[in-house]
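The structures considered in this document are given below.
In the two complexes that follow, chain A is the common piece, with chain B as its partner first and chain C second.
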Partner chain A sequence: MHDANASRAAEKYVPLTGAAVLVNAVGLHARPSVKLTQCAKRFAAKIELALAADGPWTDAKSPVKVMRVKAPHGATLYFRVTGPDGEAALAAMLELVNDGFGEV
Partner chain B sequence: MSNTNSGNVGIVIVSHSHKIAEGAADMVRQMVGDAVPLAWTGGDIDGGLGTNVAGILEAIETAWSPAGVAILVDLGGAETNSEMAVEMLREDRRARVVVCNAPVVEGAVIAATESSGGSPLAAVKRSAEEFYA
Partner chain C sequence: MVLARSDAVAEIRLTGRAASSGLAIGPVIVLTSGGARRTTVGDPSQEAAALEAAIEAATAEIVGLMETVQGEVADILEFQVALLEDDALAEAAYNAIAGGVAADQAWRSALDAEIAGYRAAEDEYFRARAADLVDIRDRVLAQLSGEDTIAKISGGSIVAGEDITPSAFLAADWTRGGAIALAAGSPSSHVAMLARARGAPMVVGLGPLSWNGRPPALALVDGDAGMVIFDPEPETRRLFESRMAAENAARAAADAGRLGPACTADGRRIAILLNIAAPEDLVGLDPAICDGIGLVRTEFLFEATQGLPDEDTQYAVYRRIIDWAKGRPVTIRTLDAGGDKPIPGLTVDGESNPFLGLRGIRLSLARSDVFRLQLRALLRAAAHGALKVMLPMIAVPSELDRAGVMLDAEFAALSAEGVACARPPLGIMVEVPAAALRAEDFGAAFYSIGSNDLTQYTMAAARDVGAVADLNDTGDPAVLSLIARTVEAGRRRGVEVSLCGDAAADTRLTSALLATGLTTLSVAPVAVARLKAAIAMVNS
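Right after this comes the complex of A and B.
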């Protein structure tokens, strides 16, 4: 975890969860992964994603880890967000995925 | 070869091939955007395959940022010449330049992604090196 602040923030807040379907043609390939991590890094909250509602969870601020998820087109992406700006962070992540990362 | 946000860690791409270095830089610009100082160098001084210290020093200068510079290299001489270039820097700059142990293309994109979020040099290096973790 390269964000100690996010880890500390996570202790005091209840995790928020949400899900969105990957609508862009190629799924979570390189370019969307970069956009996703760039978006996540704008927030202090701890942000994780998974392909199932119960995990396993991946740090959404790590571009290498996000690319390794290899989430395909049509997959549901689950988010778990914990921190002071969690609501705004979750909304931004869901909007990015719903908008197909600006590619559709 | 632009330097659009000097607050973020700069990225330098060093390949034996001019075309690989330029292409990797194109990928960084298109995938990550303009928020990261970026420079590249490839080829020896005669334009053949290879690397040269002067070219690497120039690239470090172009991508310079107060937050430091992360260098991505391909094989052998690219690494040793990059290390030599770092040693030739002024002492106060030397500690703020690192050579990453990461694949040159993927590492450049990941390092730039990390840098574009405002991460410090150590985090940029660590993220690029996750490819071999």
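Right after this comes the complex of A and C.
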């Protein structure tokens, strides 16, 4: 449901991409996943993540789907962001990962 | 058996087996089994609405719980809420419902698939999250079937049902009285052990609980005689209450004597240690009632946080127990998971016979990542008191040796890091007959006889099968002979031998146990006064 606006927005914007390494001790587990999805939901843009530069892409606003990725410590997390506030969203996501979700 | 003395009220008397002593009276809460089926199933739109309402109610329940906790547990609950609020979690369930599947079945299959994904994870932290999904699944299922959830067991209630899980028992408040009356179960089950530790009367093996139509309002539980009376007649209740008053007075008198040392009639000093499951068991207890702690069951630490506890969390808990003991020895048992104590993400599901499978030290050696963390926490705690570390389910000397090598390695690593630590003495539980038969061959710093498992393995009679419970007897000459053999091995090697199973608190066995040469018994705090009184009667 929360993606309805984002997908419409996505049609008009060029996707932005970026990547960051998971430096926190245990990867994208429970607490980081919750933080990441909470952060993503603050933006209108469609935000997706993946373990490879070419996907498969996962909705970064869904904790259930983010947890299914099971991204381990040391993995590179790729982001694909599409929408009006895409630049701010991508910057926020990369900062969160680079900061180790405030756990390091 | 139904005794109908009047047409108006018919009390129901059921006889079972005593599992935890004491008398209790209180309102009845009937536990429905986890697999309870919903009676009415509607069309797809009604089913979808039912699932949505159940998810919302389960979420509200967890949010309510979050207000009572903090730290790591609160984080875990927040994670559960985030999953429940995510439409993606129930997506598959709603799809199945649209195809005509009932809400509870649809939800269960969807979550089971999700859980299987976590259990298959390579990474420890993701595997451990399976427990959260199980919790979420069951919470929503409970809402769907309208069954009483655990949080609703109020203090002072008589909990009646087919069986009760250890975590359900631990979630209820037993400080204000209450008791357990079960259709199935056994006095040797894990929950029965917990009930004895908390002083909650418990009767098991009552057979089918049929209420003649409506559930009972009140029950009397006699944990000494193994009897439960539902909806007692006024005269029955009056007699029971006067017995309770007399028993409470006798208990108070015995409690007064529990501060003194335990001595037999002919003056032999017996050391009394405590068995505990968590630091909370020690709240309000004076350490002077005991000579130390003989068994800390660490499994509960691993269940309570719904995942594997980290080193600091474990260290903090061990420290609290050591600090309470004020210099008295504290024996902590390393994780004894497996058997009837499964831990999601750690123990192996679906073993054909879990009691003969990967449990205790076997599991710890197989999962050295988890074991190492516990050893490090123990090494750090050992710097603060007289800590002893005990290994469960040891069968052959090489298991003790391998654990000893790991303990030494972690001690060296911590020392090199400049972390305060000490190398505690490493002893073994003697609960596998193979270990009792050749106890002398183990380089153990002490032996602690786990009489529950030693009995079930020697007699080949399961602890939790009511039909063979008579065979599960620690007083059997075969079991007593293995105990005597272990005591003798300890005497020859000059190391301490204690007994920490349920038999230690069974005052009918006190004389027989002391006759084997045992001088140290470890029991639940609630049994200390009774045991000291029983020891005082023994002439050795």
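The working rule: the second predicted complex is superposed on the first by the 102 of 104 C-alpha atoms of A that agree within 3 Å, B and C clash if a C-alpha of one lies under 4 Å from a C-alpha of the other, contacts with A are read in each partner's own complex, and residues count from 1 in each chain.
The definition used in the following text is that contacts are C-beta pairs under 8 Å (C-beta built on N, C-alpha and C of every residue); 3 or more make two chains touch, one makes a residue touch a chain.
Note that the structure is a prediction, hence the values are computed from the model and not measured.
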(request) Report clash or fit for the pair chain B and chain C bound to chain A in the combined superposed model. (result) clash
(request) Would you check which partner chain A:65 touches, where first means chain B only, second means chain C only, and both and neither mean what they say? (result) both
(request) With the two complexes superposed on chain A, say which partner A:29 touches: chain B (first), chain C (second), both, or neither. (result) second
(message) By the touch definition at the top of the document, which applies to A:21: first (chain B), second (chain C), both, or neither?
(response) neither
(message) A:53 in the overlay: touching chain B, chain C, both, or neither? Say first, second, both or neither.
(response) neither
(message) With both complexes superposed on chain A, which partner does A:91 reach: first (chain B), second (chain C), both or neither?
(response) neither
(message) Under the stated touch criterion, name the partner, chain B or chain C, that contacts more residues in chain A.
(response) C
(message) Once chain A of both complexes is superposed, is A:37 in touch with chain B (first), chain C (second), both, or neither?
(response) both
(request) Would you mind listing the overlap between the chain B footprint and the chain C footprint on chain A? (result) 30-31, 34, 37-38, 62-65
(message) For the complex, give me every residue of chain A touching chain C.
(response) 1, 26-27, 29-31, 33-34, 37-38, 59, 62-65, 67-68, 70, 72
(message) Taking the touch rule as given, give the residues of chain A at its contact with chain B in the complex, in rising order.
(response) 2, 30-31, 34, 37-38, 41-42, 61-65
(message) Quick check: in the complex, which residue numbers of chain C touch chain A?
(response) 75-76, 78-79, 82-83, 86-89, 114, 117-118, 121-123, 125-126, 129, 132
(request) Please name which positions on chain B make contact with chain A in the complex. (result) 31-32, 109-110, 113-114, 116-119, 123, 126-127, 130-131
